[in-house]
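Chain lettering (A, B, C, D and E) follows the sequence in which the chains are written, and residue indices restart at 1 in each chain.
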Amino acid sequence: MLYREAGDFKTTYREDNQTFPIRFDRIAYYTTVAAAFAVVPFFINDYWANAVFVPFLIYAIAALGLNILTGYAGQVSLGTGGFMAVGAYACYKLMTAFPEMSMVLNVLLAGLVTAGVGVLFGLPSLRIKGFYLAVATLAAQFFLVWLFNKVPWFYNNSASGQITAPERTFLGQFVTGAQTSASAKYLFCLAFVFVLALVARNLTRGTTGRKWMAIRDMDIAAEIIGVNPLTTKLSAFAVSSFYIGVAGALFFSVYLGAAEVGESFGIQKSFLILFMVIIGGLGSIFGSFAGAAFLVLLPVLLKNVLVGTLGWPTDLAAHIELMIVGALIIIFLIVEPHGLAQLWRLTKEKLRLWPFPH
Amino acid sequence: MFDAKPTPETQVETLLEVNNIEVIYNHVILVLKGVSLSVPKGGITALLGGNGAGKTTTLKAISNLLKSERGEVTKGSIVYRGEGIQDMAPADLVRKGVIQVMEGRHCFEHLTVEENLLTGAYTRTDGRAAIAADLEMVYEYFPRLRERRRSQAGYTSGGEQQMVAIGRALMSRPETILLDEPSMGLAPQLVEQIFEIVKAVNENEGVTFLLAEQNTNVALRYAHYGYILESGRVVMDGPAAALRENPDVKEFYLGMSDEGRKSFREVRSYRRRKRWLA
Amino acid sequence: MPDQLVYAMEVTLNGLMAGVMYSLVALGFVLIFKASGIFNYAQGVLALFAALTLVGLQQGQVPFAHLINAVFGTDLHHFGWHLPAVVAIALTAGVMVLMAIAVEKLVLKHLVNQAPIILFMATIGLAYFLEGFGDVMWGADIKKLDVGLPQGISETIESVTADWFGYGFFIDNLDIVATVVAVALVTALTVFSQYSKQGRALRAVADDHQAALSVGISLRFIWVLVWSIAGFVALVAGIMWGTKSGVQFSLSLIALKALPVLMLGGFTSIPGAIVGGLIIGVGEKLFEFSIGPMIGGATENWFAYMLALLFLVFRPQGLFGERIIERV
Amino acid sequence: MKDMSEGYVTADGRQIGGVLMEMKNITLRFGGVVAIKDISFDIRDGEIRAIIGPNGAGKSSMLNVISGFYVPTEGEVWFKGVRRGPMKPYQVARLGVARTFQNIALFDGMTVLDNIMTGRLTRMKAGLLSQALWYGAAEREEIAHREKVERIIDFLEIQNIRKTPVGRLPYGLKKRVELARALAAEPKLLLLDEPMAGMNVEEKEDMSRFILDLNDEFGTTIVLIEHDMGVVMDLSDRVVVMDYGRKIGDGPPEEVRNNQDVIDAYLGVAHD
Amino acid sequence: DLVVPNLSYRTGAYAANGIPYADGFNDYFTLLNERDGGIGGEIVQVPECETAYNTEKGVECYESTKGMGALAYNPLSTGITYQLIPKVTADGITLYTPGYGRTSAANGSVFEWVFNYPANYWDGASVAIKYLLDENGGDLAGKKVTLLYHNSAYGKEPIRTLQALSEKHGFELQAVPVDHPGQEQKSQWLQIRRDKPDYVLMWGWGVMNQVAIQEAVNIRYPMDHFIGIWWSGSENDVKPAGDGANGYKALTMHGTGMDYPIYADIQKYVVDAGKAAGAGDMVGTVLYSRGMYAAMVIAEAIRKGQEIHGTSAVNAAQVRDGFENLEITEERMAELGLPQFGPPFAASCTDHGGPGAAMIQQWDAAAGTWNSITGFIAPDDAVLDPLVAEDSAAFAAENNITPRCQ
């Protein structure tokens, strides 16, 4: 009897439009946010921050970005790694060129730069569709990685081509570099996630989101009812790339601290983030989080269980971990092809009906 | 006009029997709430009902295509020639002689019209000559298809695609055809023609038909027996002739009142129905 | 003749050969895509798995030795036989058929009628699984694959071209073998898919799973069939690439070289796979040869994709792909 | 034809205005297939104009030409007295042309409400930033348009499925939602491609009522393709008959019904 | 107990190399535990963590093991090294990267917590050129040398050094990149075949090595003019090419093969006792030896730390002191059962990089062994020192580090 919408009437369209129309959801959401901001920072240590929370938050941003492009606007992209690299290198150049600039500004500007690059590589989407486009975005992926690897200006001529994040502060706290505390890292990323998720939610429930989804579901019909495919697709590329750029900037500066383009932003990253989006649920904000959590946490968890608890040799554990992750992906898809978000939705639908079967 | 043969009241073999089935989509959406039908061998049985009544779902439950839509028969049984067929693969069912023409055409877009027709003969083993003869037969029925035989099906008009879908089913030399809205989108002449074909096939080849139709008027003219479905339940059934005379059916499905057909312009208010549902 | 031109000719020839090697991998993708609309991400891993199995069988490795040893404390390694190449290849082909059956039973069967991206994701899951499985089964060390294919410079061609141009061209014998094999495969597969009943059924399945079911095409059979063929193609690709570089994890990454080939040729065209391969092979090699040195080299990866992208802008379905039907 | 530029009065006494759209000598070819062959006709302000013809006659293609999705191989399209240059479909939509599709083209992943809201996209102007923050213009606009859409939802009686994803709906309801989406655009010219296919008589009656009310209340001009002769004869003011891409008849329903060419090509028997 | 985590990779693209290295590393500590009861009476624990050569997993491994009281890290990945440098600096744990990692970390006054003796990439480049100088009677003027490198941070490391050396010695340098993973090297080798360089140097890793050696065989490039860095000189790299690879050369900073007394102990205490990390068949291979060498150095540094601080239960900071004051002598190596295995060296506050000396070894395909054909060759410090100073100064400036040891 916990989960009911009955008796939860809306009297205005404004109320009906809110993100969580059901009271229970609303409460759960506020509790989560409050806990994330006010409780977790006090308990977080280096391990939880660096191995779990920070990567989860950053991947969530990237997944949100890709979900906007792929899940909402229907443009399959495998260039995510490359776009993250743009964010990372833009951030690096900004950090080193303007040491006094606020880190928040650095990250946001890096996002904007990425948005520009994203629009450029989004242009072919006007002609190329479906998996063909996916493969075409790989051109962006490989070219960008090559570019950052080749042109010394991007890595300030360092001998190896590695970029290392200098120390920067925000509100007097270190947020990058060796002296950053676990909670500062976490909060810095969390703030970005919080705002960006809200923005994503707002964009996707409004006009822009509907345009994106219309193009996704049936581009021809969308165009006939008045959606301009050019601006719509490019806006999706821009917004999505912005998110991914921010994620790349944070990934490099806050999380890793140093990066090499081929290793950190290679094609594997593109795939990983696409997995997150699909596993989580295409076209779902919650799904982006769920997918990121799943793919960040699962390997860590499996490793801890197989090696830590069961004491298996690491290589055997790693191979079996691969098998388990693969099998789980397949099982999840079979159980619910539309991702964890849909699974969650169905569970709620069942709860709502409970104790009646239908 | 009303030229359907009266159903022989003598004992005919029941070919297909649906007993009280319940269908749920996606584990939560209950669509059929206990539907029972029986389809006699060599007959034309019509399944009537408004939008969303569950006609398509019933047909898919029989042909076992539900699984691919995440739907599931949770109760009841479906028996074909005395054999439970719920767990049979659709392909095996086609081999047994039951084929479905799906609603909304479902042509293979990238195949040509002729290739589409030939896929209908996929399960056949009686040789190229027999298949070629049947292809010829389908072209006789639908001359328009002969003209477009080399076009990709995706580029043919809606009506042409409907012809392809029906022709394709005929190509499998079935014993029973489940026809889902064959008249949808066809020109009036063609609707008559298609039902004439149904009738001819039924009479000449002894093929049994179960057809879901919105076009009650035509359907009841050609069918022998009818079921009326509303919101996932059978609300009425009877010989076609009887149904045609039923005043409710007349008013709500045939659009006739006592004074004959009413003009669509004369309809002054929207009607809501579901009256006879308790 | 000016040197640069002769060199360019040599590069072109080698590009063609390299392209054929890419085509071998691309072929597997095409088959599965054609038959089910599935973009099979696991194709590269399939090649790796096939090659691993081939080497393992040939050298009589005990499968799962590491796991068994870890669990039971035994010390198993080899059965102590060494199979002739032909036998090992035949056995491996059998394993690939088993794998196809398993994939159908455990994965595809449950995903009938799902969106392409979902099926794509499922093949990713499969790729993960097979990668881990292959490692557990045969170990992650480098293995030398030797089924008796010739390798190294072709002396004949070298001496003939030396006579003609005053510069002996380098052509790898292995590439020549690969070309012959690829041409044979492409011919056979084209004939199969274009002119046989199963071929037609295969294309029908790709268009509409449900409709295919409704006319009595057994998806299960079709899928087992194409996955078996794709497994066999993967085996061929695995043999060629494995001979070249040894068998180990990186073998699965050759899939990435096949993607531009695939999209340039068209996802659904078997001849497209080979033509695409040739264009990509020549294009990337010539670019690396002519422009590469000026901009720092290592351009092949992205250039292949850029080239494909260029083609796609003019033909969004690839060179030989089926027209994308746009109607309302 | 030109003499009617100031309009005419229908049998039931409605005043029809001047020419809204004129198709002049339209020809459309796809490779070897000639879908439309040199057809001219006009559509007048406020009328219900039907297009009928056998399957494959080119009716839907004609609608596609009107809505800008197909570019005619030859011929001119005039709208509101101006010749329409080459235009993208979305630009045509912005001129006030909306339509429904023969093979339902709803956005399956979206709810009914969102689908209908897409009909209003051309009218929504809030900037990206305002939308991102869901504050000010964006929110006001959203609510204002939602009110309009709710009126359409009431009008078409689809309140109870407002939040259902359209993919799950049965065929007939989808048709209705599609109509709602087209209505939401408050079009000047509404193109309906077989809106009643797959409906039973009762539902057709409802749909007819919607169309008539629409025409009455908002003065929307309607182009209707339909195979149900009863509907066509009862609703339309004038009918164009096509056959194999040619025009074989054009005029009021009674006239067309008795045209021998039309009977031969399409009707088969004279309909009552 | 003493904790020395082993961030290894036994899966992924570089598994074939990661496995023997990790085995050697583990086995050495197992030997110490079994035979000597650990170091100074303290058992050494070597928790293993799989990184798959992936930087993020590397970070996870670091974080998950550092809480156990880790004394030193050796991640065998340049990428992970770069990530860990700021982290170990903040946490005060030693990062030991023999033969890889950040070259300029050799400058101890900037990189307090990082050690990369006995040799680094730039040393390798210099040693290779020195060897070529020796071969050519001290003159390389006019010779053509091609560097075939993995197109990544690692592969690019030697370029600057080689450029400096080419200026100094007048040889012509051509740098040819190979993209990851390096399965396809046709273009590169056609170019080499056309250019006919006198020597080819290779900075490769993983499959790139095997393919390069195979291609060299294919074009009949004289194998003894083909020299790899130490990461391109293991059995894995040459075996797939079969007999053709005979004569291929590679650098190494330690000995290889079974001719060291220690192996009797390893056989007895580790392999025969069933305690070997792997199957025991890797013992004596190049990468196994290297893993063992790294373990040996870490063990010695711990011992030194214990000695300096007079306690057996040393902490990370004390171990760092051990690293900084470490002295590996010929005698000590002989005592350890590894006579002349590596170069003798002594570290200091400024010198974290060691002598940089390396040997040249050559592959004998028939015997299946690597034979060293030179002694330890010292690099050209006159060229290297300024480069190291420049790079570390840049790092210090970017990170506000005031150099120590003044």
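List of remarks:
As a working rule, a contact is a pair of C-beta atoms (placed from the backbone, for glycine too) under 8 Å apart; a residue touches a chain by one contact, two chains touch by 3 or more.
Because the structure is a prediction, the values reported are computed rather than measured.
Listed by label, the chains touching chain C and chain E alike are A.
Comparing the CA-atom centres of all chains against that of chain D, the greatest distance is found for E.
Computed from the mean C-alpha positions, the centre of chain A lies at a distance of 48 Å from the centre of chain B. Taking each chain's centre as the mean of its C-alpha atoms, chain B lies 45 Å from chain C. Separating the CA-averaged centres of chain B and chain E is a span of 75 Å. In terms of their C-alpha centroids, the spacing between chain A and chain E amounts to 37 Å. Within chain D, the positions touching two or more other chains are listed as 69, 101-103, 105.
Within chain E, residues 10-11, 15, 19, 151, 179 each touch two or more of the remaining chains. In chain B, the positions touching at least two other chains are 29, 155.
Per the contact rule defined earlier, chains pair up in contact as A-B, A-C, A-D, A-E, B-C, B-D, C-D, C-E. In the complex of the two chains, the chain D residues touching chain B come out as 12, 30, 33, 53-57, 60, 102-103, 157, 168-173, 194, 197-206, 208-209, 212, 227-231, 234-235, 266-268, 271-272. Partner chain A is touched in their complex by these residues of chain E: 8, 10-11, 15, 19, 48-50, 52, 54-57, 59-60, 62-64, 66-67, 78-79, 82-83, 85-87, 89-91, 102-104, 151-154, 156-157, 160, 179-180, 387, 391, 394-395, 398-400. Those residues of chain D that touch chain A in the shared complex are 67-69, 88-90, 92-94, 98-99, 101, 105-110, 114, 117-119, 121-122, 124, 126, 128, 131-134, 138-139, 141-143, 146-147, 150, 181-182, 185. Residue ranges on chain A touching chain E, taken from their complex, read 46-47, 50-51, 55, 96, 146, 149, 158-162, 164-167, 177-179, 255-260, 262-264, 266, 299-300, 303-304, 307, 313-315, 317-319, 322. Listing the residues of chain E that touch chain C in their complex gives 10-13, 15-16, 19, 151, 175-179, 181-184, 186-187, 189-191, 193-194, 206-207, 210-211, 214, 217-220, 236, 239-240, 242, 244, 274, 279.
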